[in-house]
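In the two complexes that follow, subunit A is the common piece, with subunit B as its partner first and subunit C second.
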Partner chain A sequence: MYGLLGLVVAAMVFFADWEQIRKSFFNVEIIKSMFPEVVTVGARNTIIYTALAFALGIVWALGLALMKLSSVAPYRWFATAYIELFRGLPALITIILVGFGLPLAFGWSIPGGTLGKGAIGLGIVAAAYMAETIRAGIQAVPRGQMEAARSLGMSSGTAMTYIILPQAFRIIIPPLTNELVLLIKDTSLLFVLGSTPQSKELTKFARDVMAAKVNATPLTVVAVMYLLITLPLTYLVRKLERKAEAEKR
Partner chain B sequence: MTAPPIEIKDLHKYFGELEVLRGISTTIQQGEVVCLLGPSGSGKSTLLRCVNRLEEATAGSILIEGEDITDEDADVDGLRTRIGMVFQQFNLFPHLTVLRNLRIAQRKVLGRPTDEATRIAEEMLERVGLSDKIDEHPSRLSGGQQQRVAIARALCMNPDMMLFDEPTSALDPELIGEVLDVMRELAEAGMTMLVVTHEMGFALQVADRVIFMDEGVIVEEGPPNEVLRNPAHERTKRFLRAIEVE
Partner chain C sequence: MKRLSYALAVLMSTALFATACGGSDALVLCTDAPYPPMEMEIDGEFTGFDIELMRAIADELGRDLEVNNIGFDPITSGLAMESGECEIAAASITITAERAENINFSDPYFTADQSLLVAADSGITNLAGFAGKNLGVQTGTTGEMYANANDPGATIISFENPGDIFTALAAGEVEGVLQDIVPNAEYVLNNPNDADLVETYPTDESYGFAVKKEGSEDLLKSVNEALAKLVEDGTYDQIYNDWF
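Take a look at the complex of A and B:
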């Protein structure tokens, strides 16, 4: 089996047009021409969109998680419907809905341009995923913690804020970081909202250079940029998970 | 005349179809130490948890210093600050140091300033003999130490009475004594205590009264010497014989 695989790889190396690959994907001139804007505009905007969407998403997700755990049935129904709806739809549909659907329907558009629409669109989707994560974290805290807090006279809100949530978030830091990585990649969908030269994120930035230069090198550059952002985070997740595993023992 | 700390009137509790408390009535007097005994499933823990409304009573009432905690409009949080509770599993807050465990409810419930809350926490920790553990996290303490911290945490609220739900059942045998010692001192200081326990020695030496429960009713109650040495009911005799065989 391995022999066959080796043969295929050898054939690919032998028959590949290395000069063509170098010119198309590793064109030094084009790489140089992309700096520093690929960092100061592209990566910067990707990070800003991600940060804002994550901040909006996690606050909204916390609200949804608490609704889902509420003793009031309509809250639970709403949270369940919301989570199922936005996890079931492609993120692109939600972004288009926020960016173009709302203005068409109501003649009113979310302020803040691509940043406002994009962060809210992505935040709406991210909240649906993170709500389930937060709910699971809250439920992973032993029931005795809430009982102890309540028996000291704390209201359920005080107990949730100071006793349950701090423990729940410690449990869910690894899965939440995973959500953050997914969100970074999903900012590439924001190209549909259109952009100005200053509001392009990495993917849109690469596509524009590709079109201008008729060359694929920008893809390589932004791929490296994405990995520079996401790999440290996935590494961090693995470290946190190992640490949590060690603490359990 | 002041109302007694705890007055239970014809208390019934159902879990679904199962009636776990079938008409319990008793009064705990100021400064009285009462041990609740009985086989598992007799309803003694459920009764204790109804007293601070961790469980909702199905019928009947429980008056805490004259106020009905089972009432729909009762100020449950306020009443609970007067009732200290100690759990079988300690339930310390693992993300907080010992000091913060002792301080958080003082700060957030009673609104005490930090320095006052710290002073009271130090005082209570000294009372349970753990002053040197003030900056530790609970996970670094033995079970016996954790339970003593849990008692100190409850005392920080200056409760008028204390409930103990099998406080030594989760402990290794050699750690039981230190917790019982703290409870004995508390009793001698005049605290009103309602204790669910299997420690017959503690009940004999410390309790003013023992209540023997089975199948959701009080079978008999009285001074520990009478009930434990010379029980009137066949069910109590069988229970005590079974414990001695252990």
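Take a look at the complex of A and C:
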């Protein structure tokens, strides 16, 4: 079976039209023309949009998770409805609703241009996903922890903040990393909001160069840029995870 | 396991066979619809000025026309033509020197004058009125280049397609749109109370059909000949009058 796989790979390498690939995906002139803007504008904006959306999303997700676990029924209803709605809608549609729907309906638009609208639009979606992750994390902390904390005289709020949440977040580092990486790639949807030369993120940046040059090379360049962002990030999180694991012992 | 490798081998040879034979003799056209009235879908059929002109050209070449609505990205990356998905693209593509480095254009078939459309309640009457305001343009178009070259101090926001720009206009995110006269005129026609066409700017730029850089010289030559013939015998004008 491995032999066959090797054969398939060898055949692909042999039959591939390398000249064609080089011309369409690795045009050196175009690669050169994209620097430094692909970093100073494209990558920079992708990172800023992601960071802001993630920050907004996680705060909002924590609130939603606590509402979902609340003993007050209307809180639970709200959180459930919110999560089902924004987890069910494509992110692109949510972004359009935030960017164009709000001003159409209320004559008021979120300030801050693409950054404001994009971060809030993506944050709304990310919060729905992360709320479920955080809820699962809280529920994964043994019940006895809360009972012990309460029996020491802590209020339930204090126990949640100092005993339960730190343990819960340790548990959910891997799924939260997943969400962060997804979010990095979802920033490519922000093109629908329109962009100024200074507000383009990586994918939009590539597509604009692509349209000007009629060549696919920009896609290769930003594909590498995305990996340069995500790989160190996931490496960092793995280290963090190992550290958390070691501390537990 | 044996069966799996057998299935794989069959699959691969089928794929090879399919690529080798490359379909029938129809001229496969890539486009990016909707962009009315140049290309759009009506009752499940692709039509519009670009499409109908291309159909007439295919007629001249004695071939059927097959339309593949592949989107703008595969066309603007050149991949649609290089990969053989289609032989030629017609998608209101403006001929620029930069683009001509990587694809070949037919002779120009349409002059793309630029125009300025403003929201009816904006009170703006010309490009200078956009100082400090938001102006919508379409990415990679002559309109975007024109706006940047004659920027009156506006915030120029680029959108992917006319649909997005007009949504932004309706939402008040932009006060006006600078782009090809065709979609602007179409919008004013359909929404006479919402927008006004206030200025037009003649540019020397025009649309061309696009083919891949190498190995399509014969096709390009026959397309150009067919186009010239259609202009001469009045078919071009007839199609033009159908759509404008």
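The definition used in the following text is that the second predicted complex is superposed on the first by the 214 of 249 C-alpha atoms of A that agree within 3 Å, B and C clash if a C-alpha of one lies under 4 Å from a C-alpha of the other, contacts with A are read in each partner's own complex, and residues count from 1 in each chain.
Note that contacts are C-beta pairs under 8 Å (C-beta built on N, C-alpha and C of every residue); 3 or more make two chains touch, one makes a residue touch a chain.
These numbers were taken from a predicted model, which means no experiment stands behind them.
Legend: residue contacts after superposition of the two complexes on their common chain; A:167 is shown touching subunit B, with no touch to subunit C. For subunit A, the partner that touches more of its residues is C, with subunit B and subunit C as the two candidates. In the superposition on chain A, contact is made by A:104 with subunit C only, not with subunit B. In the superposed model, A:144 lies in contact with subunit B only, and not with subunit C. Applying the stated contact rule after C-alpha superposition, one finds that A:37 touches neither subunit B nor subunit C.
Of the two partner chains placed around the shared chain by superposition, neither subunit B nor subunit C is touched by A:132.
Once the two complexes are overlaid on the shared chain, A:153 sits against subunit B while remaining clear of subunit C. The contact surfaces that subunit B and subunit C form on subunit A in the two complexes do not overlap at any residue. Residues of subunit A that touch subunit C in their complex: 1, 4, 8, 20, 23-24, 27, 96, 99-101, 103-104, 107, 109, 191-192, 194-197, 207-208, 210-216, 219.
The residues of subunit B lying in touch with subunit A in their complex are 52, 54, 77-78, 80-81, 83-85, 87, 89, 91-95, 104-105, 108-110, 150, 153-154, 157. Interface of subunit A with subunit B (complex): residues 142, 144-145, 147-155, 158, 162-163, 166-167, 170.
Chain contact summary for the complex, subunit C toward subunit A: residues 1, 4-5, 8, 12, 72-73, 76-79, 82, 96, 98-99, 101-103, 136, 139-140, 155-160, 164-165, 167-168, 170-174, 210.
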